[in-house]
Every structure is written in structure tokens, then in C-alpha cells.
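Both complexes shown next keep subunit A, but they swap its partner, so subunit B is in the first and subunit C is in the second.
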Partner chain A sequence: MSGLVPGILKGLATTVRTMTKPTHTAEYPDAAPELPPRSRGVIALLEENCTSCMLCARECPDWCIYIDSHKETIPATTPGGRDRQRNVLDRFAIDFSLCMYCGICIEVCPFDALHWSPQFEYAELDIRDLIQEKDRLGQWMPTVPPPVALDEHSADPAELAASNKPPRAAGLVAGGRPARVARPAAAATTAAEPTPPVEPMLPPRRRGPSAAELVARASDIAEQQENGGEAR
Partner chain B sequence: MTALEVTLRAVAVLAAFLVLPLLVGQTEHKVMAHMQGRLGPMYAGGFHGWAQLVADGVKFVQKEDLTPAAADKRVFRFAPAIALVPYLVALSAIPIHPGVQAATLPASAVFVLAIIGVGIIGTLMAGWASANKYALLGAMRAAAQLLSYELPMVLAVSSVCLAAGSLSLAGIVTQWHWWWLAWQAPGAVVFLTAAVAELQRPPFDMPVADSEIVFGAYTEYTGLRFAFFLLSEYAGIVVMSFLFAVLFLGGWHGPYAGALGWLWTVAKAFAIAIVIIWLRVAWPRLREDQLQRLAWLVLVPLALGQLLLTGAVIAVTGS
Partner chain C sequence: MAQPTTNRELTVGVGAGGLATADMVLNIGPQHPATHGVLRLRIVVDGERIVSAEPIIGYMHRGAEKLFEVRDYRQIVVLANRHDWLSAFSSELGVVLSVESMLGMEVPERAVWARTLLAELNRVLNHLMFLGSYPLELGAITPVFYAFREREELQAVMEEASGGRMHYMFNRVGGLKEDLPAGWLGRVAHAIAAVRSRMPDLESLIVGNEILRARTRGVGVLTPETVAAYGVSGPIARASGLNIDLRRDAPYLAYAGLFGEGGPGRVVTRTDGDCLARLEVLLEQTHVSLDLAEHCLDVLASLPQGPINVRLPKVLKVPEGEIYTATENPLGFNGYYLVSRGEKTPWRLKLRSASFNNVSVLSELLPGHLIADMVAILGSMFFVVGDIDK
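What follows is the complex of A and B.
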């Protein structure tokens, strides 16, 4: 009984205090909601960037991306030159009734043709209308927000790092291909050329093993297999 | 009193009876919403949803009027009227201004208390005639609640009547002095608690406890008849608020009472209505046994103590 009276007074005080504070109601259709950054509303297609490589369609966990394309031949520009072929995108459609908004297609697209847009108001009365063709997907592009700024002290973005790289050394290995600088073995063969200044992407531990190490490891594995066989 | 005057008074009471409960209902919508951090109705009528209850009424009218096959059909259909009309009658006996009340009665306090008790018969009829166990349980709870809370309520009112030396509501207001606020305070608390219990409003809404017995006696009702039960609840809030304002807050007493007395009465009643809404928002529902315990072990002794206090003060002052 002693805790009852403070309790019921507390109840009254709480409700009155709530009444004096602003409400939490989101007046959604009248006022746009405040969405968090990187909201996953709809997938926008930048058609010019798409090469019909089908990576997105193949990675899609529920197979909701449909791509049709054909090849076109571009005649050689110089006499005696080789005709080139390029893919032309005929159809790019996402079935949003199947899409689970995992974003894998956007992750895998090597050419930045797919983007998240925060727009979410594309409900339909007929489920079949949720298949959005490429013109509709392209219309979402203006709504794609600019990429979020990088964190403080983060590494440069990949494209910036690439453009800031010093120009490649003039002396190349025979065959016109640049040496694979990440491989120490390859570097050893071209010991004469100046080594690139830094390899920021790979920590030292990740360098490949030497040939001697590889041989030793292979013999170890063979030994283990033999022992395992005997044990059985 | 001519026939014209009688008609005018009846129409005025009817208008108040139809408008004030809607006003209280709309206030409840908005006050409850803001107490819960919401906005409440915002669309109907355009400005902050002022016509929400009108829209609700239109919806209720459009609904099908169902009567269960096993129901006692005549009683079932008649019950909402029994629940509603007593509050209309009670409203007519409440004085709002010096000399202004729809029906002038010599013992209006007794009359109002008696007629309010009739409303419960509507709930009982509804519960019994519905042929539904939840409805019956709800009706029984309502009846038990009325029985236990009518006594403290009558005791609290009798204390005020004793203080004023009058059984007429207008007489009580005439005799009222500001220091009655302190003198009759325990009685006021008892009256308000009993009033909320009689109205079956939270925290005393066991007769319609939706988590236990669906919607109590009103489970089988639809459409307009259901709306009548809801209207009777809000009309009950209006009547109880006016009664509280008249009995304990001095009715029309206030600055410029000669001209603005009616406004004072309405303002006090409205404040009490907001308190009744506030209690609903702030407190959870009591259990049925806690309800009975509160009535018999707290409210009745408190009301008897108030009666004793009133009698002692009168005996000492000799007024």
C-alpha cells in the first residue's frame, strides 16, 4: 500500500509530461520520412554502364534480374583493321516482387551500372507490375544520392589511388605485358627494372611462398596422406 | 410553465446531450493521443480531425444491424435505449446557472443519483439477451461494480447535501463556499472514483475488459446500437462531470457569476471530464477482486469518515 500512492501519482505525472512534449507521429503521406543514409529503396540502372555481363543476374539469390542482349558488329575504322563486337542491352528488368533487397547485384556490378536509390513508393495493385523494365529502372537514377563521404583517416578511394599512382615504368618484359608486380617470383625475373615504390594493398605477410617452401609443403601434405591411409 | 417552454427546454437538453458527449469524445481522442506521444485523428473535417466522431457516427449508421439468432430479440434491441436515456434525464436536472436548469425538482440530487442507477439495467439487459457467455459475464461484472460503488457515491453526495442542508442541486450550489473544497475533499475523491467506476471507465473497466471477456455486454452489438452504448458512456462522463462540478466545485460560483455562471459550470465540468480521460490514459485496469476490495475497504470507510466529519463540523458550528 505504501508504494501505491507514489505509483499512481507517477503514472499521472508521466502522461502529463508526455503531453507537453512533441509527438512522435510520422505524418508520412503528408511529410516525407527521414530515411537513414544508404537506405535500400529501389535499384536504379545506369544503362550506359551496363555491358550485359550477366554477373548481377547470376549472383542474384532469387533470380529476379532478367537480361536480354545481342551482339553488334562495329566495322573496322581503319582499312584492313579488325571488326569489333559489342553487346547491346535489349532488356534489363528487375522483378521487385521477388527481390529481397540484398544488394548483391549492386556489389558485383563491375561497371557501376546498378545503384541503390532511397525511393520506396512504387507499390502496385497488380503484382505483375512490380517487374520494372530498364526504362523505369533508369528513371530512378536521378534519385540516387551521392556516395557517402569517407571516414576520417580512411584510405583513398580506389579510383583516386589508381589515378595518383606514378606512371608505369617504361621498361616492360618481353611480350608487351606489364610485369605482375604483386608476385615476388615475377619481380625476381625482372630484377633489372626498378621495383614499384609501394604495394599498399597487400601486407608483407601475404606475399606468395618461395619455391623451396612450396616443395617442402607439398612433401608434408603427401606424408600426411600416406599416414592417414595407413591409419585406416 | 407553458407547453412551448417545456418543448424549448427539452430541445435544449437534447442538443446538449448530443453535442457535449461528442465534444468529450473528441477531447479524449486528442488528449489521450498527446499523452501517448501521438497526434490522434488529423484528417476528418480538415482541421486536426475535428469531425472524427461525426465520421465514426456515419460509419456506425452504415453498418449492418445484427441480432444474434439465439438472442432475446426484443430485449436485445431495447437495451441501448435503456442505457442511454437515463443520462439524458439526469442531464435535465443539473443546474448550470443561477435559476437555470431544464427541470426544476425539489430533490434533484436524489433524483439524479436514482436515475443514473437505471442505466445499468440497459447493460444487464444487453448482456443477458445476447446469449453470449462473455456478454453475460460482462453484465454481471457491471452489476457487481454498480452495487459496490453506488454506496460510496451516495454517501459522498449525502455528505454534501448535509453540509448544504438541501437535497436540491441548485440549493447545494447556492450554499457552497470556497472552503468546502477542503472540507469535502475526501468526499470529492470518493465521488470521482465511484463515478469512474460507475461509468466503467479505465482503471475500472473490467465489465468491458477486452483481454478477458471480448467487449463484455456489448460484444454482440453492431452499428447504431453499439454506437448508442458508446454514446451513453460519454454522456455518462458529461453527467458525472457536471455533477462533480455542481456538488464539489461550486457550479456557477466564480468571478462574474451573475453573467458567466453557466460558463463556470461548463468549464469546471469540462476540467473534470479531462481528469476522467487522464485517469484512463495513466492507469492500468484493476482486477475484479481489487475493484471490490477498493470499494468496500477504502471508499466506503472514507465516505463514512467524510460524513462523520461533515456532521461534526455542522454540529460544532451549528449552522
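What follows is the complex of A and C.
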């Protein structure tokens, strides 16, 4: 009981102090929130870039991407030339009632057909309306922000590192991996470095992309173009 | 208001005065305002006093371990940050750390420090959540707004880097998904300073409140023996005097230096083992985590230019073998037992989550307490139902 009066005074003082401060909350529907460019709101589709390779649909952890496509034959343009085949996208849909917003589809897309947009206002009254077809997904494209500039200590982009590399036979494997540079620096601050695992189960060279793996990557792209047709 | 007396043998409720009473079985939950999430407690009460209590779990079982087995290591990260939605970053971390040590992969130094920073920010976010929700369960409405304002501050920087507010999905085997945005470190420093400057407000609302103190002091005392017997970990174990913290005792990431000689890290312990001690540990840990995060910022600013991840092969296969990796998650030990048979998916990925053990001890802790205290004890066990049921 003895603390009652000072307690009330203290409470009133806090009230007065808080009253003088500007409000911290925003009236959402009237004031739009400021979202960072990386914010994962909705997935936008740039249809022209899609080759219906099915990589996104395959990698999606809960298989919420639906793709239908067919192959079209483009007749040879020159006499005696070969007919060419092309994948045509019939359907591309994302079921946002299943999507876990992990962004793996965007990460694996080799042709930058998928992008994150911070837009989030697409709630529906019927769950079935959350399946967005390619025209709807395409409408998000104008809202995709440009990627953010990276931290000053970040590694140079792969293109820059590759172009700065002295030309030599092994230059193909470069791909901008200045991992070797980091080694001596790491040794200098061993105090803060976690102890390396006692017995590495893989020889260190397996860490980066080997020449064989680059070949595999190239053939993968070739393969996925075939796969696109089979998807039908 | 009830005085904080140690003698709680007041005869309250029916059955007092030598009348024969029958025990009553009372269900608390799975849908009940006093429990967060779908935890169900079956308690047997004699009048107002709890005779026995049994936590019944599984209402939110999603079979995470089985789902892990049919997903590659990037897809596992998506799932791993979901069982404990308040410690998403730390849970992701356990998976990638296991895979990295199985592969013998060396993670770039910038990634190590950035991960440590984000893990500590995640810890602050988690603790702020409980610092807000626990008073809510005890009837204090105000603190949650203060806690959430600070959470908002930190979530903004987390979202700026990772794109997610809760499920960050920012860890990858070999580092982080992408590099930090330009100027982000400065904004984190600003956010940490803002949170730190306003923490005293929250603190005085919680531990400075005599009603809250009266309801928590001496209530639900957990002995170190029970803690050890039930495998309780994290802030709850440390509130009972167990000086154990994996960040110091089995250091991963950059914690060896942070918790070493002269580092900003220290393990917060209390000896009382009651609800108030658990709350105090949480509060003080928040300050320690802010210190750690600030130190990480300084280190990150001084590191030389370098990558933040390792380029991975298109199909990542983990060599045959097994490993157990435990991390100190905000709520306690979070362990992954990874068995690989050389496939791109694990053969088995066992998840040891903190909340399961922390809640199991309730059957030991609740008997003898009044129903009103049950709410105080339940809230002070700091659990996430997804983390119990997996």
C-alpha cells in the first residue's frame, strides 16, 4: 500500500511522456507499408523467359507449380535446313494456398523467368482463387523491384571476377571464386574461427565446381529443354 | 493483491474443512486461451490444487522428420525453419551445419559472422516474443505492445536481408543465400541501439511490476535434478542453476571467440528455478544477445572482401555417414541427427527439439500448485507447440 501513491504518479508520468511521442503504428490500409525489395510477397512470372523446363515445378518442396506445354516445330528457314523445335508454354500456375514462400523456384530458374515482388494484397474469399494462372502472375512483373546493391565487403560479381582473371586454360573453371583469398585472413583471426571438422569426408577439391560438373551443368540445360516437351 | 508469501497452503475453494472431495479431471486445451497453441493438459484437481498433470501432445504433428527424408538439403531448410517458428534461423542453421561438417566444407568467414549475427538477432526476437506474451498470460496487456515494437524494429532488418519476417530461408549449405544489402550493417546497428535504449521500459513493466513478481516468485520451482532428469535445456535449465550453454560448451559458428576470454558473451544463470528466475534469464539473455550481435557487426565491418557462400554442385549429395549436430536455440538444445547413405536426401534426419523436453517436465512441476499458478508456470516454460509436436 505504501507504494500506491508514488506508483500512480509514476504511471501518470509515463502516460504524459508517451503522449508527447509520435505514434509508432501506421493505419495500414490508408498508409501502405514500406517493404524492402527482397521481401517475399508474391511470385511474378516473365512469360517470355520461360522455356517450360520444369525445373521450378520439380524443385518446389510442395509441388504447387503447374506447368503444361507442348512442342512446336518451326520449319527450316533456309532450303535444306533443319526444322527446329520450340517449347510453348500452355499453362503456368502457382497455387498460393500451398506455396511456402521459400523462393526455391526463383532460385533454380535458369532463365530468370520468376521474380519476387513485395506485393502481398491478393487475399481471396475462395481458396480456389489462390491458384494464379500465368496472366495473373505476369501482372505482378511491373511491381518487381530492382535487386538491391550489395554490401561493400561482398565478393565481386562472377562476371567481373572472370573478366579480371588472367586468360589461361583453366580460366573456364574460374566463375569468380575468390575463396582462396579468404584463407590467410581466416588464419589470422583463428580465435574467432570455429574449429574445422576433424576428418573432412571429402577432399577439399570437391567443394567447388569441377570441370566435370560444369559439363554436367551444360548438359543439364540441354536436357531440360528436352524435358519441357516431355512434360506434356 | 495476494502477498508473495511462501506459505501457499491457504484453504481455497470447495472441499475445505474436512469434507470428503472427489478428484476431478480437468482438460486444459487443446483450444484454451491460457495455453498458447494446441497444447493439451489433462490435470487432476483436488479442489483448486493440482494432483497430477499430463501434457498431451501431438495435435500439431506434421511429420517433419518423415518429410525431411524425401527432400533435398535445400528443401529441408524450408521445413526446418518451420517447426519452431520463433527460432527459424537457428533451426535452419542446425541443418546446414550438419551437412557442412559431413561434407567437410569450409564456410567463408563472412558467412560465419553473418550467420552468428542473424542467429543472435533471431534469439532477441524470440525472447522478446515471450517477454511480451508471458505477462499477457498473467493478465498484463501492455508489455506485449512494447515487446512487439522492438520485434518490429529487428524484423525489419531481418526482412531486408532475407526477405522473410519469420521463415527466413536464408541459410544455404556453404553459407547464406545471398550477400547482405549495402548499408544493412548500419541499419542493424541502428536497430540494435534503438532496441537497447527502449529495453528499460519493457523491463520495468515486467520485472518491475509487483503484481507480476508476486505471481511468479517462488512459483513452479524446478530443481536442477529434475532439469537434468528430463533433459530440460535453454533458459529454463539455466534459471535452475545449470550453467550450460552450447554456444560456450560446444562452440559452433563464431561463438568460440565470442564466449572466450574477453569476449562479450556470457552465460546467464539464476539459482531460484522459479517462474521469475526464468523470466529474468530471458531478459538478461536479450541484453547479452544484443551485445553479441553488436560485436558481430564490428567484426563484419572489418572483414576483408570475400564471398558469403560456396558454390555448390547442382546435385548435392552428402557422403555416407552419420552426425549429430546440436545448436543452442533460443529455447534450448536443438539437435539434428543426420544419417546419410550418399543420396541427395537424408536417409534419416532425427530432430531433437527443445520444447518437447521442456514441456515434458510439466508433469513433475505442476502437481501441488493451484490452478491459477498453472497459467503462470505454463507460460514460463517458454515453448512453441510446433517445436513439441514437430
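In this section, the second predicted complex is superposed on the first by the 144 of 232 C-alpha atoms of A that agree within 3 Å, B and C clash if a C-alpha of one lies under 4 Å from a C-alpha of the other, contacts with A are read in each partner's own complex, and residues count from 1 in each chain.
Just so it is clear, a residue touches a chain if its C-beta (ideal position, glycine included) is under 8 Å from a C-beta of that chain, and two chains touch if they have at least 3 such contacts.
Quantities reported herein were computed from a predicted structural model and do not represent experimental measurements.
Contacts of A:H24 after superposition on the shared chain: both subunit B and subunit C are touched.
Of the two partner chains placed by superposition, only subunit C is touched by A:R40; subunit B is not. When the two structures are aligned on the shared chain, A:C102 is found in touch with subunit C, with no touch to subunit B. Using the contact criterion defined above for the overlaid structures, shared-chain residue A:D112 touches neither subunit B nor subunit C, since it reaches no partner. When the shared chain is aligned, subunit C comes close enough to touch A:P61, but subunit B does not. Number of subunit A residues touched is higher for C, counting subunit B against subunit C. In the superposition on chain A, A:L150 makes contact with subunit C only, while subunit B stays out of contact range. Of the two partner chains placed by the overlay, only subunit B lies in contact with A:I8; subunit C stays clear of it. Once both structures are placed on chain A, subunit A residues 24 are touched by subunit B and, in the other complex, by subunit C. Here subunit B touches subunit A in the complex through residues 31, 33-39, 42, 278-279, 281-283, going by the rule given at the top. Those residues of subunit A whose C-beta lies close enough to touch subunit C in the complex are 3, 24, 35-36, 38-40, 59, 61, 100-104, 107, 116, 148-156, 175, 177-179, 181-182, 185-186, 189, 191-197, 199-202, 204, 206-209, 213, 216-217, 220.
Interface residues of subunit A facing subunit B in the complex, by the touch rule stated above, are 8, 11-12, 14-16, 18-19, 21, 23-25, 27. The residues of subunit C lying in touch with subunit A in their complex are 71, 74-75, 77-79, 82, 101-106, 108-110, 112-113, 149, 156, 159-164, 167, 169, 174, 177-185, 210, 251-258, 260, 299-301, 303-308, 310-311, 313-314, 319, 321.
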